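When the chains are written out, they are named A, B and C in that same order, and each has its own residue count from 1.
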Amino acid sequence: MPVHAPTYTPADLGLAIENLRTSAPLIQCLTNAVVTNFTANVLLAAGASPAMVDVPGEAAAFAPVASAVLVNLGTPHAGQRQAMLEAARSAHSAGTPWVLDPVAVGFLEVRTRFAAELLAQRPTVIRGNASEIPALAGSGAGGRGVDATDDVEAALAPAAQLAGSCGAVVAVSGPVDLVTDARRTVRVPGGDALLTRITGGGCALGALVAAMVAANDGEALLGTVAAHALYSAAAERAAATAAGPGSFAVAFLDALAAVTPGDLSAQAVTA
Amino acid sequence: MPVHAPTYTPADLGLAIENLRTSAPLIQCLTNAVVTNFTANVLLAAGASPAMVDVPGEAAAFAPVASAVLVNLGTPHAGQRQAMLEAARSAHSAGTPWVLDPVAVGFLEVRTRFAAELLAQRPTVIRGNASEIPALAGSGAGGRGVDATDDVEAALAPAAQLAGSCGAVVAVSGPVDLVTDARRTVRVPGGDALLTRITGGGCALGALVAAMVAANDGEALLGTVAAHALYSAAAERAAATAAGPGSFAVAFLDALAAVTPGDLSAQAVTA
Amino acid sequence: MPVHAPTYTPADLGLAIENLRTSAPLIQCLTNAVVTNFTANVLLAAGASPAMVDVPGEAAAFAPVASAVLVNLGTPHAGQRQAMLEAARSAHSAGTPWVLDPVAVGFLEVRTRFAAELLAQRPTVIRGNASEIPALAGSGAGGRGVDATDDVEAALAPAAQLAGSCGAVVAVSGPVDLVTDARRTVRVPGGDALLTRITGGGCALGALVAAMVAANDGEALLGTVAAHALYSAAAERAAATAAGPGSFAVAFLDALAAVTPGDLSAQAVTA
């Protein structure tokens, strides 16, 4: 289904980013122990407000007041799994958009069973890499961690199938990101390889997707694409001055706060 | 009760900071998963020694050898709550100063009940924002996370009431910080808004309060004020060179190690 | 047993580092909450691939596919202890090299008992400071946290005894690092005191040891020495431009990615 006109113009994406900065959505994150700090800093730098409420007995109560919820399966200890299920159920029931990041699903048993259970709560967006998305869709062997070992374009068919069966927008991150709602598929080029040399590069993107969807009236496809475009533009801006992965991470946070709609021209996306 | 003379001179505060650097107090932190790393780095940069001992069965044994203890309720999972109660009881019993940071108390049930239980162990200092302190004092709706939604000056009456009922020093962080022991109220101006664009800005301050009280013979009001003054001066110094939130966090750690008594003139505080 | 020729030349160590960068080993880390992020970033900067798989029910399955495993006892909560034991058993059984970092063993009961249990699974390398290694060897009082309170050279005898009884390489970090397999003892000079002003300086080194051993055919003595040499060279390079502990940590990550064999001349080590 080739479509030759851009699905979203740089102006559309710039407006989506402005909406994030002016609305400062409150994002409940239930995420892994490795990236909580970086994820919260990415949200703050981009203009959102993080709340890492992942304790059983509190997670359900928070989801209805949150603007959106992120559930990331990177280090899903028992107590956190219980809170994640509470939050996903509560978000689904309250109509709060929520994002599922199925880290390393496929090979690792506990999270693979748990991810299937979470799908019943109808995530608004599913974001993963080219190993995880096919594994969650029931094809592919899954990833060995947060690093993708498979090709992004090869993940398009499983991604579209997953999007169709779940009613979710599905995003596959890679050198060129894919975002699909089963009917429409958008590609977001750009970014920088240094994003793969710092931890949390993919995980924090899931949180930004949640924030961008919340800030744009729950428009899941637009929000997901705009989050990827902002991320790519900020990575390019940071890479221009970085001396290595340490200074890249610092400059990336600075860039998330500084990117202007004009920086997004290279992230113009076509269907 | 207006008092026109400064409660503490810049020289008093400079001496308190020197005491921290020369005594290198050992601070036991039981804190939230988002900010453990930043909190430890803040303590190290300022000259203290962090020890994140928050495992049940160990926390009680450590509190008597620690110079001070921090209990921060940001992500209070069940095992950590047990360790927090152990540590608070042990600190109270051993005479080790301890600081309570009641993150997001008010709206979230588990931590709100738990904070009330902790108050029985007589914290030396309670540090929070303008939403949390009134909620802990029994007035106000509480915060939705680490961001204050209420006004600092409006929190003065509940803060003083809480200080009186608990026998604690109570600090309310904001654009101008309030520190009160019920009888005396000190205001600490300065700082920078970039502190609200990085995660852990408030949480790590709680740890620094613990360190500063420990380094100054348990003088809770002086230590708490000096910690706020150092924090504000370091934030100003960092903001002068930062290009955004990422580089601010880095420069802030550098500044905590570098602030001199002369930098504190703007933090002269009046009652 | 003095040996006057260098055990490893700078060229040997440079080759070991090249092996790390070209093989990109997958390192399973079960480590403490304070340093997970920094540890993952150290591994990524150096050229390895981190996977923080520490959930019971998953940890055992992952160890055989990992290139090496790190078990760090910094904040050993109950669920993590269970996963650590799973991973150590599985690594031992599968022949995957694994590194034990016995943080604060000696004074704290839970981890001290647990470390003894882990030793039965035959770690390939044990890395600690001059308080922890003697405590694990059954002499000395143990550390009060991650800071060593004892002298490195005084730890040589207990380190060699531990190496002999466990069949492990044992490393003691300090101003001059000691690495011994009971028969041979290697000293690695260099580094910078700023490493003690950031959290995770020692803990992340344990992960790098795991990566370097994995990348060099399981040669534990060479890998452990090369990891310490890379770490020291990167610290020196970072200290040359750092303005304090914050900018040091950033420059250190940059340096880990940039160190060349030529930077290692000062880390030439003698037996």
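We adopt the following convention: contacts are C-beta pairs under 8 Å (C-beta built on N, C-alpha and C of every residue); 3 or more make two chains touch, one makes a residue touch a chain.
These figures come from a predicted structure and were not determined experimentally.
**Student:** Which touching groups survive when chain B is ignored?
**Tutor:** Without chain B in the graph, we get one piece.
**Student:** Counting shared numbers against all numbers at the contact of chain B and chain C, is it over half, same, or under half, different?
**Tutor:** different
**Student:** Quote the value, from 0 to 180 degrees and to the nearest 5, of the angle by which the CA atoms of chain A must be rotated to coincide with those of chain C.
**Tutor:** About 120 degrees, rounded to the nearest 5.
**Student:** How many angstrom between the C-alpha centroids of chain C and chain B?
**Tutor:** Centre separation, chain B to chain C: 33 Å.
**Student:** Could you list the positions in chain C whose residues touch two or more of the other chains?
**Tutor:** Within chain C, residues 33, 37, 79, 249-250 contact more than one other chain.
**Student:** Of all residues in chain B, which touch chain A in the complex?
**Tutor:** Listed in rising order, the residues of chain B that touch chain A are 32-35, 37-38, 74-79, 104, 107-111, 144-147, 196-200, 242-247, 249-250.
**Student:** Contact residues on chain A for chain B in the complex?
**Tutor:** 26, 33, 36-37, 40-41, 44-45, 49-58, 61-62, 65, 79-80, 249-258
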